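Note that the chains take the letters A, B, C, D, E and F in the order they are written out, and that residue 1 is the start of every chain.
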Amino acid sequence: MSELTHLGASGEANMVDVGDKAETVRTAIAEGSVIMLPETLRTILAGDAKKGDVLGVARIAGIMAAKKAHELIPLCHPLLLNKVAVEIEPDETLPGLRVTALARVSGRTGVEMEALTAVSVACLTIYDMAKAVDKAMTISEVRLVEKTGGKSDDFHRGAI
Amino acid sequence: MSELTHLGASGEANMVDVGDKAETVRTAIAEGSVIMLPETLRTILAGDAKKGDVLGVARIAGIMAAKKAHELIPLCHPLLLNKVAVEIEPDETLPGLRVTALARVSGRTGVEMEALTAVSVACLTIYDMAKAVDKAMTISEVRLVEKTGGKSDDFHRGAI
Amino acid sequence: MSELTHLGASGEANMVDVGDKAETVRTAIAEGSVIMLPETLRTILAGDAKKGDVLGVARIAGIMAAKKAHELIPLCHPLLLNKVAVEIEPDETLPGLRVTALARVSGRTGVEMEALTAVSVACLTIYDMAKAVDKAMTISEVRLVEKTGGKSDDFHRGAI
Amino acid sequence: MSELTHLGASGEANMVDVGDKAETVRTAIAEGSVIMLPETLRTILAGDAKKGDVLGVARIAGIMAAKKAHELIPLCHPLLLNKVAVEIEPDETLPGLRVTALARVSGRTGVEMEALTAVSVACLTIYDMAKAVDKAMTISEVRLVEKTGGKSDDFHRGAI
Amino acid sequence: MSELTHLGASGEANMVDVGDKAETVRTAIAEGSVIMLPETLRTILAGDAKKGDVLGVARIAGIMAAKKAHELIPLCHPLLLNKVAVEIEPDETLPGLRVTALARVSGRTGVEMEALTAVSVACLTIYDMAKAVDKAMTISEVRLVEKTGGKSDDFHRGAI
Amino acid sequence: MSELTHLGASGEANMVDVGDKAETVRTAIAEGSVIMLPETLRTILAGDAKKGDVLGVARIAGIMAAKKAHELIPLCHPLLLNKVAVEIEPDETLPGLRVTALARVSGRTGVEMEALTAVSVACLTIYDMAKAVDKAMTISEVRLVEKTGGKSDDFHRGAI
């Protein structure tokens, strides 16, 4: 019943043909978190208060990575992103940082992977910039929040 | 006391100088999981039993991504990886797949980011290849397991 | 009469303007072979019977390379591939492996170079993975098999 | 007896550990040909006589591709090339162009793949620049000519 | 009154949404110079007279770089270039070389950055190839000359 | 007397052999400016006072570009940068922004091109982020300031 769309008739992995899909505006939103020690969060935010660099660098890294999703993920189609935005918010209940990314395209294939790649690389960049003080940080709950605009039903987390 | 090593005297983000570090053999191991519906796992494993493709493609994507860590993460140093290995194991208790990556270098800087990037991109690839049947999959618990060989104390998760 | 389309009026190499070409579905199929010792082929196929890795890795490398054709070939236009597929078959009469790649686009320029690049890189990957047992392997007969969908006449090898 | 060095104990593809190899000067020379119609060769050479562009562009493309071998070939190690040179000579007996590439490194792993990648991409570039006049060109006899400097015996074609 | 279009409501840098822009033919022309010692120019031109290499390599580097503008410039959109051309002319009054680049697209966003990137990288390549004889060369006056085809008024230098 | 080191005996462009050069610590510092309207500078700095983004993004773009110099510049050797730093200062006398970049390596070849590439791409990024308010900005005086650590005499601008 279910079907892995990247697998061909004989089971080999190949990029599926999206030529018959309609060119529509498609949007995806993904999220993820970096969980850390409370003092790591304070150090990042204190630095951020002064210069904004950890969050700023991670946001840029996420945006640039969205443009590379098709280079990183073997069967992902190249596409012309209309927009990428990345937001990073502290959350003391984790404690840590919450990353959200939005990707949008006018194209024949969805942008879930672009949004998820932006989140993952922004999280990796946060890890890289703060690892001198906390190597035990964990990247967690990287997932799709919302997907709209394609032929298949829209997806909203919690309404599966 | 703590210090974000990528921030300069005036707080701007810059690649730190690793020229004074010793050239030693450094190893890092990272792990992560993709949590999915039980039937998604069954579908992947059934495909894998026949052709090995979902796991095989994700493993290759992870290895190739390790070589791109310094392109993705802004302040990460380029380095000459001696070895990268990625393993993917099913775990029905998640239910889902556990990804482990090892990176090793003879160099002046650690390979945590290479191992973590390999894990993250292998997980993204699993998501990409199975998203047609399960958009709610979550990438979780991406973290460093072990780091040895540099000047700072070795790191073993659980022994922080 | 004939004309090298990448050369300008004064003979300098430049990317030609494809803006006036129609946006149509264009397909190209290319092929190539890796010729090797009979025992090298047996070793690869035995490994493949168990894990599928040599052929599987080469197929993924070919697909990913198709997406990089415009980065490798200086005057090649970037384009949004709809589909890439790579097949690898053993042929004991070579003896060796035959690689076939198909590339398809809805665009203003043909995809011969994408299909040929996929074949070439899949062949190089086969060489890389088996060179420990056979350095004398030869990559041969890399060529276009078929091209359809553009303004110029379709091309079918044997019907030039 | 023989062994595919990229396959691990359990047969999965992974980058092998080169950390124990000696850092020596290693050189590889590879060659290949583009076979074409006699008038295609004349057109290229006439253009070359005036501006040198087809051969010049292909040579540069080959050199740049050598630096990308580890990005294209999944299990290939990154390395710091000391030198890359590409030569292209007409051969009316083919008729066509013969491409030769040399790669050299001071490192822990051989440079066969860099030399072979340079040859392959130079050949693809020749095809791209002349395909408007001859789509039936064939890339042929891409192979290693010589390999010196590593621990394993030197390789010279014809002396296997 | 004025507005930096890459800054969001809250001032963070993000790729702006170009989805509402019309898909039109857009062209940009940029220019720049490399100023050098008179004998450096003579050396380059003498070499060029014989083999065309310094200018030829710089021209190719500029064309290839235009295709990478969106990878280099964080908030720049990927696009499908229809055409890129780079011209390099000696100017003894500098003394030095003048570089001009044209980029054209049928798309939703302008190609100023592609033309400017082509000029910058062609200039850097000239510097690289001649730095053995003149390290004091200066890259200067890199700027937009003309921009046509978008919704905003056309731009012509001197008519601001 | 003078000699273009990238040209071979027969004048073709090739990557020169750096295998005989000593592995020493080499540093290069480069600079450049973006000249703009006084109100453009005020707008950038006002934005910067609030969020730091234009300067922050340009600085990150410059650092990441230094790691790509060998991909952009055809005959440039890959190397393992120890450190890259980019500083951007306003200068009302231009009026505009002054960019300075430092690159350092322990290696066999100089890092002038890495420092100059960092400056050029930081300047291009400033242009990109402010072009909505000022398309006439000019990138100027991109040049080497200082080079130390190689076999050839050190270079200091003004002391040629």
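Note that a contact is a pair of C-beta atoms (placed from the backbone, for glycine too) under 8 Å apart; a residue touches a chain by one contact, two chains touch by 3 or more.
Quick caveat, the model's predicted, so the values are computed rather than measured.
The set of chains touching subunit B and also touching subunit F is given as A, D.
Taking each chain's centre as the mean of its CA atoms, F is the chain most distant from subunit C.
Counting C-beta pairs in contact, the pair that comes out ahead of the other among C-D and D-E is C-D. To find the repeat of D-F among B-C, C-E or A-B, check which pair has over half of the same contact pairs by residue number; it is C-E. Our note on geometry: subunit A versus subunit C, Cα centroid distance of 31 Å, whole angstroms. In whole angstrom, the spacing between the mean C-alpha positions of subunit E and subunit F is 16. Along subunit B, residues 12-13, 51, 53, 56-57, 60-61, 64, 68, 71, 74-75, 78, 80 each make contact with two or more other chains.
Here the touching chains pair up as A-B, A-C, A-E, A-F, B-C, B-D, B-F, C-D, C-E, D-E, D-F, E-F. Of all residues in subunit B, only 8, 12-19, 70-71, 74-75, 77-80, 107-108 touch subunit F in the complex they form.
Of all residues in subunit B, those touching subunit D in their complex are 25, 56, 59-60, 63-64, 67-68, 78, 80-87, 104, 106.
Only residues 51-53, 56-57, 60-61, 64 of subunit D touch subunit E when the two sit together in their complex. Residues of subunit F touching subunit E in their complex: 2-7, 10-13, 32, 39-40, 43-44, 47, 50-51, 53-54, 56-57, 60-61, 64-65, 68-69, 71-76, 112-113, 116-117, 120-121, 123-125, 127-133, 135-144, 147, 155, 157, 160.
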